[in-house]
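Below are the structure tokens for one structure; questions will follow.
Just so it is clear, A, B, C and D label the chains in written order, and each chain counts residues from 1 on its own.
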Amino acid sequence: MNFDIIRSGRAILHVTDLKKSKAFYEALGFIESEADDENIFFRGLEEHNHHSLWLRKKPEAAVEAISYKVTSEKDLDELEKFFLSQGNDAKWLEKGTQRALGRALRVQDISGLPLEFYAEMETVDRLLQRYDLYKGAKVQRIDHFNCMVPNVEQAYDFYINQLGFMCSEYTVGEEDKIWAAWLHRKPSVHDVAFMNGQGPRLHHIGFWLKDPMSLIDGCDVLAAMGYGPNIERGPGRHGLSNAFFLYLRDPDGHRIELYNGDYLTSDPDFKPIKWDLDDPMRQTFWGHEAPDSWFEEASRVLDVQTERKLPLHEPKLKKRKPQFVL
Amino acid sequence: MNFDIIRSGRAILHVTDLKKSKAFYEALGFIESEADDENIFFRGLEEHNHHSLWLRKKPEAAVEAISYKVTSEKDLDELEKFFLSQGNDAKWLEKGTQRALGRALRVQDISGLPLEFYAEMETVDRLLQRYDLYKGAKVQRIDHFNCMVPNVEQAYDFYINQLGFMCSEYTVGEEDKIWAAWLHRKPSVHDVAFMNGQGPRLHHIGFWLKDPMSLIDGCDVLAAMGYGPNIERGPGRHGLSNAFFLYLRDPDGHRIELYNGDYLTSDPDFKPIKWDLDDPMRQTFWGHEAPDSWFEEASRVLDVQTERKLPLHEPKLKKRKPQFVL
Amino acid sequence: MNFDIIRSGRAILHVTDLKKSKAFYEALGFIESEADDENIFFRGLEEHNHHSLWLRKKPEAAVEAISYKVTSEKDLDELEKFFLSQGNDAKWLEKGTQRALGRALRVQDISGLPLEFYAEMETVDRLLQRYDLYKGAKVQRIDHFNCMVPNVEQAYDFYINQLGFMCSEYTVGEEDKIWAAWLHRKPSVHDVAFMNGQGPRLHHIGFWLKDPMSLIDGCDVLAAMGYGPNIERGPGRHGLSNAFFLYLRDPDGHRIELYNGDYLTSDPDFKPIKWDLDDPMRQTFWGHEAPDSWFEEASRVLDVQTERKLPLHEPKLKKRKPQFVL
Amino acid sequence: MNFDIIRSGRAILHVTDLKKSKAFYEALGFIESEADDENIFFRGLEEHNHHSLWLRKKPEAAVEAISYKVTSEKDLDELEKFFLSQGNDAKWLEKGTQRALGRALRVQDISGLPLEFYAEMETVDRLLQRYDLYKGAKVQRIDHFNCMVPNVEQAYDFYINQLGFMCSEYTVGEEDKIWAAWLHRKPSVHDVAFMNGQGPRLHHIGFWLKDPMSLIDGCDVLAAMGYGPNIERGPGRHGLSNAFFLYLRDPDGHRIELYNGDYLTSDPDFKPIKWDLDDPMRQTFWGHEAPDSWFEEASRVLDVQTERKLPLHEPKLKKRKPQFVL
């Protein structure tokens, strides 16, 4: 590859009620970098870039793009070349078009997911040691995207072979086919994961917490503020990834994961960990079942050219949900 | 009252496979004080008395007794007088009859629960600061019993007015009738709780942990050892009692609660906290539903005279399980 | 005894700058129940009584009284009788004299410490589950007083034999004399402790935290707000009491302990734990030395009649500070 | 650069009593991968490589080498070329010479520190989810080396410009000269840090913990096992790096840091954080002074050719220890 993707960078979500969204994300502990009547830009406490979550007020909830940070402007040009060579359309948003962002390239990936790449984002004060501003779950930084796609093997091959991602863990279903995969650029468990399902859809955005107690504190604060019904699943530990997790639904139903308990995946000799879909310890190490909504519901994504919702395709592998015999 | 009950003291459980039980309770972090082919005596890390959990090998799982510690031998005599005056039978087990215990009085309470009272138990080394022996969830001490009884109001009146318990929190159901109540002698949330249901049965025994992370550690260790399926509910926070909780089923199905997050109830001007049965934050502050098994299953108790299982009675209040509209 | 002391209840501190004090105690996570130009009344998150810390603006820092809650008004009368029988003066502050408090009895104890007893304090909303209001170290409730007195054995005998306290742990110095003692009414490690030293002085007021992470969070928040220099000692674990502790000095130098990690002391057969003064694990289980200031500095106390500072007496036992050979 | 260093990989320490060392490191929670009469190979719970700490029984305590993992064998050749071009000697240890390791290149770096580079190490079972094996502080993986060198600016320039490290944070002393610097290859705060002092010496090896409570648990377990005197400093939080830290001395005086609380440093636009040497929040965010031993004592290192101790040089910057006016 002639380009270098650093990490998952930001997500752009369409939300229908900015006031409700603001209240929810601030309860979680996000820091508002900037806001106006149409937009809120949030970041985590350790982030030195302007935002990792951009909420745009729109009539309908959707995912406008999930964005990756690259090393330099040159990488953007190389990525354009690559995607054009694949027969994809590419769309440039010049510097100044988007708040706080340099030049950005948008494309639909092989599964139809709206990707954005950028090298430059305004820097802001990092608040890592402003413990007096820590609230809720004390969200530290964006960690990963999790996407539902109809053909996980296709997505896997594309990200590994074409975009230079590495695999940390994966799940196989019927006939040993890849049912889900966790892929990374930064040496953590993942920057993006793909899960077999009706798609393309964004299943959740994962944000990193500093420790397990921040997740417990987050539950307590959310519940005290009336957000108990927004807790969809957890707290629990994933067998896969070893994450101590909590899944929340924001006021528009977008799913947020609070996440702690990763490991270092820097080494070329690290062997991806294989799980069987029906291993009860895979999704929840402690053995709980996830609710149906977690397997069925996800956020619709937009066409980067038309800004219309992409049609959904049925998953290639039939089994959409693990079966437990606990 | 002419007697002084200090606190919940120990439980005597019949189990069918001592080896399996031993492995399970040691994984949780209990300390074995003594054992032979027919018995295991367990205690928590801070306990200076010989045991708080006595497992007896028997053909069938059951609860032989739940026991309270009283201040002195005189209290036992006064308790006998009281129960005889109520028309109850009482049974003495003289000192030396039971391992490590002084004279004990056994009676069936107003709901049919097999109670035991004792003033004296052998003391042993307290292991509070032997952190090198901490394992699993690092169980510190027995905290309370939770019982399913057909008539909670009757049990409530008996314990408050006749035995000198105080109420910290309670739940009302239809027509503002008491559906569940948390009662204490030591100034914590409870030594015993009663819940509307088919009974008399023991719903669970609660053990105190030193902090929330011990509960998370407990989950991880249990899962790593293959006890994931024994985790029935949690971790979560109860609205009622504010406890950070985990419910486990031992190899015979006896239910154990790991518990942290109490508060001090020493003051006569503390007003019992009233909850509505259908308040979704009551049973789980974070809004999760408990599994059906948690509402339906419990351990059968024995007649203190015949050592046979007591027949079950249907609950007086029809509603056996809260209804959520989350 | 004909009276029943429940627990340590509140402290009345004179401070010289209410604004500075307010900022400091709010950073720690105290809840302000009420305030005016001359007073602030603080309570912890689980407290249902109006306050446990009353700060009064005065020209000079001092301790006006340390107060114990008793069961009923009758206990106050009995306490008066007792103290008068000992040749002590007693002073009544009638209901309405002090904000939120019923009738109060003030006396100088055998060491000269200004004690107050009361049965009634206004109740307020308990904020235990208002996690959205949790800040800093999330102080839960008052736990104990620690006092420096010249004659610890005398104080010990008086509290045990005359006031009905029980001993949980104690330290012996030269010739096996009691150098320090931890005494309780509520079944925890202590409501009051006495330490050999120039006195009578109040060494610190201990407040209970819900878990160890709250103490770490407290350090981070305090440091981020510029209160790093107010941290005098810790975090660490006391061998004695097993407490995970932090000692802070408020803007007037009054010492506050944040405290977690107690154990239950309800049983008459609990044997007080004896420590040698020079056991390096006694004061800090992990082996750190305390700074000299911790052994030398403490708050002066007032005469309940004259409201003047009590003169200091040199300690009976010469050794004021443990010697370590680590 | 034509080579790619991945991360700090292992340290080789000479110790005088393997039995004592084994007991100490196992108390900390290290996993023994292999051992014989002359060697112990330890790894952390998440490590999939054979070891990160090799202890060799020798008559005198010393540091044989600190080792970095590189991407491929080719990188080793390029590193040799580079060091030879600088006039350094290089020493090859062929595959099979060292237990579990491929071909290794050893050189003295610009400060005289004995470096080793390798691409291949045997893989072993990762025990990340074997929570039943977690003990003590539950050490997860090696994180960094901290070295005392006489000329920090020289070391800084060499690692940044010649070896491709990036700087996350640094400290300036007199005349704005670099007094200490934290440098990384993996996107964390550091793989290596340099501190002004008599050198070359290894100040400590840092190991990563999964969360802050593991550090507290580690203190408790170590103290309970009699290792209280081995705790030299902490627990506390570094202002610099934001680490929650504990410093221990092993039976030979080698210093180990237990470490949690890093942040992601993946971005080219991350601006290194500058601290003033005398900022009291720099070394300890909470304001505690480190003991003198922490600034003065460190482990001597060996010549990679002669295996003799390297002579010490006085530091270029006079000030060896920060001055606080707290």
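One rule holds for everything that comes next: contacts are C-beta pairs under 8 Å (C-beta built on N, C-alpha and C of every residue); 3 or more make two chains touch, one makes a residue touch a chain.
Only a predicted model underlies this, so the values are computations on that prediction, with no experimental measurement involved.
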Moving step by step through touching chains, the smallest count that connects chain B to chain C is 1
Nearest 5 degrees is plenty: how much rotation brings the CA atoms of chain A onto those of chain D?
180
Measuring between Cα centroids, what's the chain most distant from chain B?
D
What whole-number Å value describes the gap between the mean CA coordinates of chain A and chain D?
34
Nearest whole angstrom, what separates the Cα centre of chain C from the Cα centre of chain D?
44
Express in whole angstrom the distance between the two chain centres, defined as the mean CA positions of chain B and chain D.
50
Which positions in chain C touch two or more other chains at once?
129, 211-213, 220, 223, 285
If each chain is a dot and touching chains are joined, what shape do you get: line, ring, star, complete or other?
complete
Can you check the complex and tell me which residues of chain A touch chain C?
27, 129-134, 211, 213, 217, 220-221, 223-225
Seen from chain D, its contact residues with chain C in the complex are 212-213, 216, 219-220, 222-223, 228-229, 231, 235-237, 244, 280-281, 285-288, 326
Listed in rising order, the residues of chain A that touch chain D in the complex are 6-7, 46, 48-49, 69, 71-72, 120-121, 123, 128-129, 140-141, 186-187, 210-213, 239, 242, 260-261, 263-264, 266-271, 285
